[in-house]
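The structure under discussion appears below in the form of structure tokens.
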Amino acid sequence: MSEQNIIEIKGVEKRFGSFVAVSDLNLTLKEGEFFSLLGPSGCGKTTALRIIAGFQDHEEGEIRINGRTMGEVPANKRPTNMVFQSYAIFPHLNVGDNVGFGLRKTKLSRNEIKERVAEALEMVELGGLQDRKANELSGGQRQRVALARALVMRPKVLLLDEPLSALDKNLREAMQLEMRRLQQKLGITFVMVTHDQYEAMTMSDRIGVMFAGQLKQVDRPEVLYSQPCNREVASFIGGMNFLDAEVTAENSESLEVNVQGFGQMTIGVNPNVQVHDKELLVGVRPEQLEISAEKPDGYDALVQGEVSDVAFYGESVHYYVRVDGLKDSIAVAVPNYFHTVDHSRGDTVWLGVQSASVIDLGKRESLGGEK
Amino acid sequence: MAGVLRSETGKGLALSAPATLYVGLLVAVPLCILVAYSFWTQTYVEIDRKLTWANYQEAFTDPLVRHLMIRSVAIAGAVTLATVCLAYPIAYFIAFRTQKKTLWLLLITIPFWSSYLLRVFSWKLILGFNGVLNSALISLGLIQEPLTFLLYNEFAVVLTLAHAWAPFAILPIYVSLQKIDRSLLEAATDLGCSKLERFVRVTLPLTVPGIIAACLIIFIPTVGDYVTPALVGGSQGKMVANLIQVQFGAANNWPLGATLSLLAMLSVGCVAIVFVVAVTALGRRIR
Amino acid sequence: NAADLTVFDWSGYEDQGFYGDYVEKYGGAPSYTYFGSVEEAFTKLQSGFEADLAHPCTDALRKWVAADMIKPIDTSKLENWDKLMPKIKEVDGITIDGQTYMVPFEWGNTGLIYRTDMISADDVSLQLLADPAYQGKVAIPDAASSAFAMAALATGASSYTDMSDEEFQKAGDYLRAIHPNVRFYWSDAGQLDQAIASGEVTLGWGWNQSELNLIWNETPAVMMRDVDKGIATWVCGYVHLKSAKQSDEQVYDMLNALSSAASGKYIIESWGYAHANEDAFAQADPELIETYGFSDVDSFFEGSLFFDAVNPELEAKMLKEFERIKAGF
Amino acid sequence: MTKVIRIPWLAVYAIAYLVFLYLPVLLLPLFSFNDGTIVAFPLKGFTLKWYAQLGQQDTLLQAMVNSLIVGSVTALMATSLGLFAARAYVRYRFAGRELSEGLVMLPLVIPGIIVASSMLVLFISIGLKPSLTTVILGHVFVALPFSVSIMKSAFDDFDQSLEEAAFDLGESVVGTFRRVTLPIVAPGIIASLLVTFTVSFDEFVLAFFLSGNSPTLPVYIWSQIRFPAKLPNTLALGSLLLLSSVLLLLIAEYFRRRSIQSSD
Amino acid sequence: MSEQNIIEIKGVEKRFGSFVAVSDLNLTLKEGEFFSLLGPSGCGKTTALRIIAGFQDHEEGEIRINGRTMGEVPANKRPTNMVFQSYAIFPHLNVGDNVGFGLRKTKLSRNEIKERVAEALEMVELGGLQDRKANELSGGQRQRVALARALVMRPKVLLLDEPLSALDKNLREAMQLEMRRLQQKLGITFVMVTHDQYEAMTMSDRIGVMFAGQLKQVDRPEVLYSQPCNREVASFIGGMNFLDAEVTAENSESLEVNVQGFGQMTIGVNPNVQVHDKELLVGVRPEQLEISAEKPDGYDALVQGEVSDVAFYGESVHYYVRVDGLKDSIAVAVPNYFHTVDHSRGDTVWLGVQSASVIDLGKRESLGGEK
């Protein structure tokens, strides 16, 4: 990643009629950065990506790519390539011609094109499928063709709209690695839309979380995870137990809070939160809670409850624990150390938490539901 | 300029401009001539350019005009109905039951690359007195005397035109059938539809645009056809276009011809609009 | 250049046998542009279409002259003018107000054609068309003037071009009486031929070329040429258009070629049409002339109805009435 | 297990319909061998003279060539115009769209004679002499509504992102159109070409008014119909035309199959 | 879940030309079971589902649903309903009519239909959207309409082709819970194709893992996780470190093995493995390894290595450790207890493992790559 700014977006706004799909978007990306846009369905991720690509005009604001203002530059002249959410595989062309489509415009010879196509197909594990017809591909295969078709162009900026969503786990992980490797090797800037938080976290240098057209927080994955700016962002990245709390005392670095169920503790101030209030919301990640049949030692706060549900996630087991006085069950994630499930529904258990695990989420607000 | 061309309106106008301008320029002249003539009068070869409603008066009071107008619309309606009903299954067959689509499309258009007049001649051979049909029926012993109701009546007009318009109905319907996503049909089957129900509830509504295109393409020109009725319609087959044709030809009364044309265009337009609205509404009511 | 001369004509008339002298002199044929009916030709010319010569029939001439489309013919430049049959040259329209406008070319009859194996020569008459026994067995032209000419003959009107109201009424009634018998109103001659040949129609009002066609196809059918029972004669020819661009010399060379006896012989023998040049009949094969019904031309010149121009008001009335009759009103 | 034999009703209907379509045109060849000038039963006897005479029928052959030229050019022009217009109508919402759509359909309703005579006046007044060119201009006018309606239904539901993808891969607007849009709406284009060619090939009134010294086939046949004696020549020509179309089709199909086999 | 067999599939095979898409499929499902088909893209999952639904004929084998042979039964007469991968929403109908489509065939009154439709839409969180046009829906909304349309029919068997793949995390989790609840309430058998292992594991009673047209293992999630039948299956469900081992002694219950790097230990015989051999392959799940800077106590085997990579997964951190003599790095997953990363690239660490965590994966084989 260099220090050069490759994309600068300033105050971009896009309206469909009176509906604001993207509002006041500001974002600067460094050359070679891997950036992800994360957010619920319909929040405007695709729209934002299409504005960068040049497929969607915008009402306000400015976009610069590689130092050049993009106002009058049409999509085919921008140094970007895109992997479409709907794949957009050309139905009349076979796999090889789909991937080689853009290269035909370049000065490459036939043989070079052939080689580049073969190479790109190898990269997405579709080597040798050059002659398959588009309608004979499975969903995942189509997505990989779309990816290869954009990668083969070696653009300055690669825009990806949920590029891996139809892939199975192994392939997805392999592709994630491969894309990351490629990105670093070629120095391409990646802007990826995804709704897979793990994908976003493992691949990205930075993640932007979007809700209802607005970019709510842009940060490194660890920061996003440990210091989300509000309830929405917190719940969108990883699981989170939300608890009401009351601030009893505060200074610039820490808060004295009384957390529902768990009682009094001292927690750090979250620098990303904008408004604090007596009525505080705090969160605890499921994996940062200790669950045990016996009362555990060495925790800053403890609470007792009853296991209401157990879910097996493979590498971990999730227990849902009902605690008197709390509206929602508390989720606890326990690593699957020995292929055993230690507590079953109805068991009475203790939950322990360290105050360092309790995240300040700012002023409590009633949230409108998203559809 | 570049900015204008990038907006929806700009692109739309730019793309449709060639066709619009082409038709616009060429249509303006005839339309103006038509309207102007309808308010003029003619005696022998002299045109009297004083504006008058006389032609409209004549057209509205003459029961012959009304009679022919209604008959034209009725015959054109019957032709449209027959053509589209006969053509739909073929379009369906080509779209869904064969791989050789282009071959079939060509097969159904090739017969029409011979002269229309010659084909009408042939129809007379088939339906006529000593025709193919009568000869066949007689040799099979089904009838003694040749049937005379086959030719020179409305039936013959409808049949001949249903033949003549066949590719014009098949092609648009084929195009709209071809586009149907196969998984929609599977979804309907999955939800319990038999083939027939699936057809009525999914395929048919989805092809309404094609059906409308086919109907308009056939109905509108058929109302204005005067050749076929004259050739196979016999003494019963006259339509309003024959009357118009006489005004422009033998009668050399362009003003009356123009007036009748305008009225015919208006009626056709009204019928077409009512039709499109009705079919669209019907398509929507199928659930 | 031969092809610089343009002739506006029915198709078929580009046959080089019709104007051999022209081909000889200019080394080729003129260019031809085709029309299907004289009315179409009139409309196209009125819209501005340009040509040197056109080929209408006499009944249209007054209208063409009124529309200021054609130039008078300088008969002194016509080598064959004197050899053209006087009776033909007298037909209304060829000369108007002392000016000659057409060089008559071919002529023929319009009459009742019937199947001799189904109707005897004694029984046949124009009145038979209205006989209920012939329901669906009759065809007449889809042209008001021709139909009313036939009606005038059938009802004994004094004049076809200038009928009295009473005569007009009678003619109309006659056509109305025929209407239920009419299988179809024919708009092209082939339609009539086809129907008579197949026996679908047993008698119809048509042109002599239909008779010819039936003869050539060995159909037992003939035209009723009895002047007392009613027969009509038509004449068509070439006119010099005002829009002509070619030199008079070339135009008149063509007119001379068309009206020569050699052309006449050719058209009589190989087309079966009568020609306006008297000498042509002397040169042509008499046997063929006999078969085609032109051995005794004088007799039907006397008693035949010629298609003169109908007075415009009456023509409009005829057209209107004919439309109503056809619609069953 | 009893195998139920299913009758492919639709295929049976398709064959029956083909018979319906071809019955009239197959009588043309029959009568082109008939030794008589009247097209009616009973047949008179076998002859090849109508075909033999064809060689001398310069005008008839020329008329056919003219019709083929006019039909092909008309089909190409009308389909191109229709393609762009339909694209605009389906894809963009713009001021004047409905007006333009209505206007383009107008040629269907205006009587041919009016269109024909006023076009002749118009063309002559701008110094355009009646010729095949003017016929083509007229035919494009009447064929346009056909191509627009067919192309409109072809563009319905066209997946926008395919064009965007091509554009994104660096293709120009024109290149995108040629390499992506065209092949995908190909069925519509083929349908439109077929229909507009057919419209032009059979059109008489405009061709009559707008053709100068080079008539199209319908004009020639129309004017000749007054001479039924010449009809069998036309039948012979029509039969040859039919035969060559079918032959062309079979050859194309043969090569298509071969190319598929060899690519396997 | 009752004891009644609802679906019995015997020896089903499907070929596209010479390509075998599904081969020798054998499967028996119990009434009320929630079954998932998991496998890489293009392995034949959709094809298998379509064969059950009756949309795809098959060359060999037999299918019985609810005791009836389906050979001659057309799709519309089968007691199944399907949620299509491409949604297949009827474009000419609004949302309400789409959902009510199949009910119109039943004897329900208009009002009953209306009620059932409203209920189904509530179920998928689209309540009140009856009058929306199909083309006004976002990707996620379309998928939910497709789900409601099938659910409303209350079929004996519901077939779902990646029903939740277009949904964002929160909605997907909510829908997973809702679907599970519904399935249990209505007693419908669900057959779901998914490529999300977590989804499969948390929702399913049993999971079938498919590769290249073949069903490799069918088992409960826990068994699949702890006793996968071979390398492919093991790697498809969760992460897995594969190690070569040599069998030094064996009996019916346990094996004495010498594991590359870790040395000698005694592990349990995996009952799902078909062929054992001297040349053994064993696996260890990343979360079942201990990583620490100091040599840890109480583990059956230990090995030292160097951290080569660190990946942040939110609820856990993955360390990749290079061990001398081993081809691949060993992955270790550590719960993200305190928002801290304890080891960085280049650190020398100890890895500890209990022999109970080492999974016997049978005879070592060179594997061909899957597409």
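For clarity, chains are labelled A, B, C, D and E in written order, and residue numbers in each chain start from 1.
One rule holds for everything that comes next: a contact is a pair of C-beta atoms (placed from the backbone, for glycine too) under 8 Å apart; a residue touches a chain by one contact, two chains touch by 3 or more.
Owing to the predicted nature of the structure, the values given are computational and were not obtained by experimental measurement.
K.L.:
Fit chain A onto chain E over the CA trace and report the rotation angle, somewhere between 0 and 180 degrees, nearest 5.
P.N.:
That pair's rotation angle lands at 175 degrees.
K.L.:
Given the contact rule stated at the top, which pair of chains has the most C-beta pairs in contact?
P.N.:
Per-pair contact counts point to B-D as the maximum.
K.L.:
Go ahead and note the Å separation of the Cα centroids belonging to chain A and chain B.
P.N.:
58
K.L.:
Any idea how many Å lie between the Cα centroids of chain B and chain C?
P.N.:
Here chain B and chain C have centroids separated by 36 Å.
K.L.:
Taking the mean of the C-alpha atoms as each chain's centre, how many Å separate chain C from chain E?
P.N.:
Chain C and chain E have C-alpha centres separated by 91 Å.
K.L.:
By the touch rule stated above, which residues of chain E touch at least two different other chains?
P.N.:
91
K.L.:
Scan chain D for residues touching two or more other chains and write them down.
P.N.:
Where chain D meets two or more other chains at a single residue, that happens at 39-41, 113, 118, 121, 157, 221-222, 225, 231.
K.L.:
Quick check: what residues of chain C touch more than one other chain, meaning two or more?
P.N.:
In chain C, 40, 43, 190, 194-195, 198 touch at least two other chains.
K.L.:
Hey, which residues of chain B end up touching chain E in the complex?
P.N.:
181, 183-184, 186-194, 197-198, 201-202, 205-206, 208, 283-284, 287
K.L.:
Taking the touch rule as given, give the residues of chain A at its contact with chain D in the complex, in rising order.
P.N.:
Residue list for chain A touching chain D: 53, 55, 74-76, 80-82, 84, 86, 88, 90-93, 101-102, 105-106, 146, 149-150, 153.
K.L.:
List the residues on chain E that touch chain A in their complex, please.
P.N.:
It comes out as residues 16, 38-42, 46, 85, 125-126, 138-141, 162, 165-171, 195-198, 201-202, 221-222, 225-226, 235-239, 285-288, 311-316, 333, 335-339, 341, 354, 356-357, 369, 371.
K.L.:
Hey, which residues of chain D end up touching chain B in the complex?
P.N.:
8, 10-11, 13-14, 17-18, 20-25, 27-28, 31, 39-42, 81-82, 84-85, 87-89, 91-97, 100, 103-115, 118-119, 121-122, 137, 140-141, 144-146, 148-150, 152-154, 156-157, 187-188, 190-192, 194-195, 197-198, 201-202, 204, 217-218, 221-222, 225, 231, 234-235, 238, 241-242, 245-246, 249, 253
K.L.:
Could you please specify the touching residues of chain D with respect to chain A in the complex?
P.N.:
159, 161-162, 164-173, 175-176, 179-180, 183-184, 186
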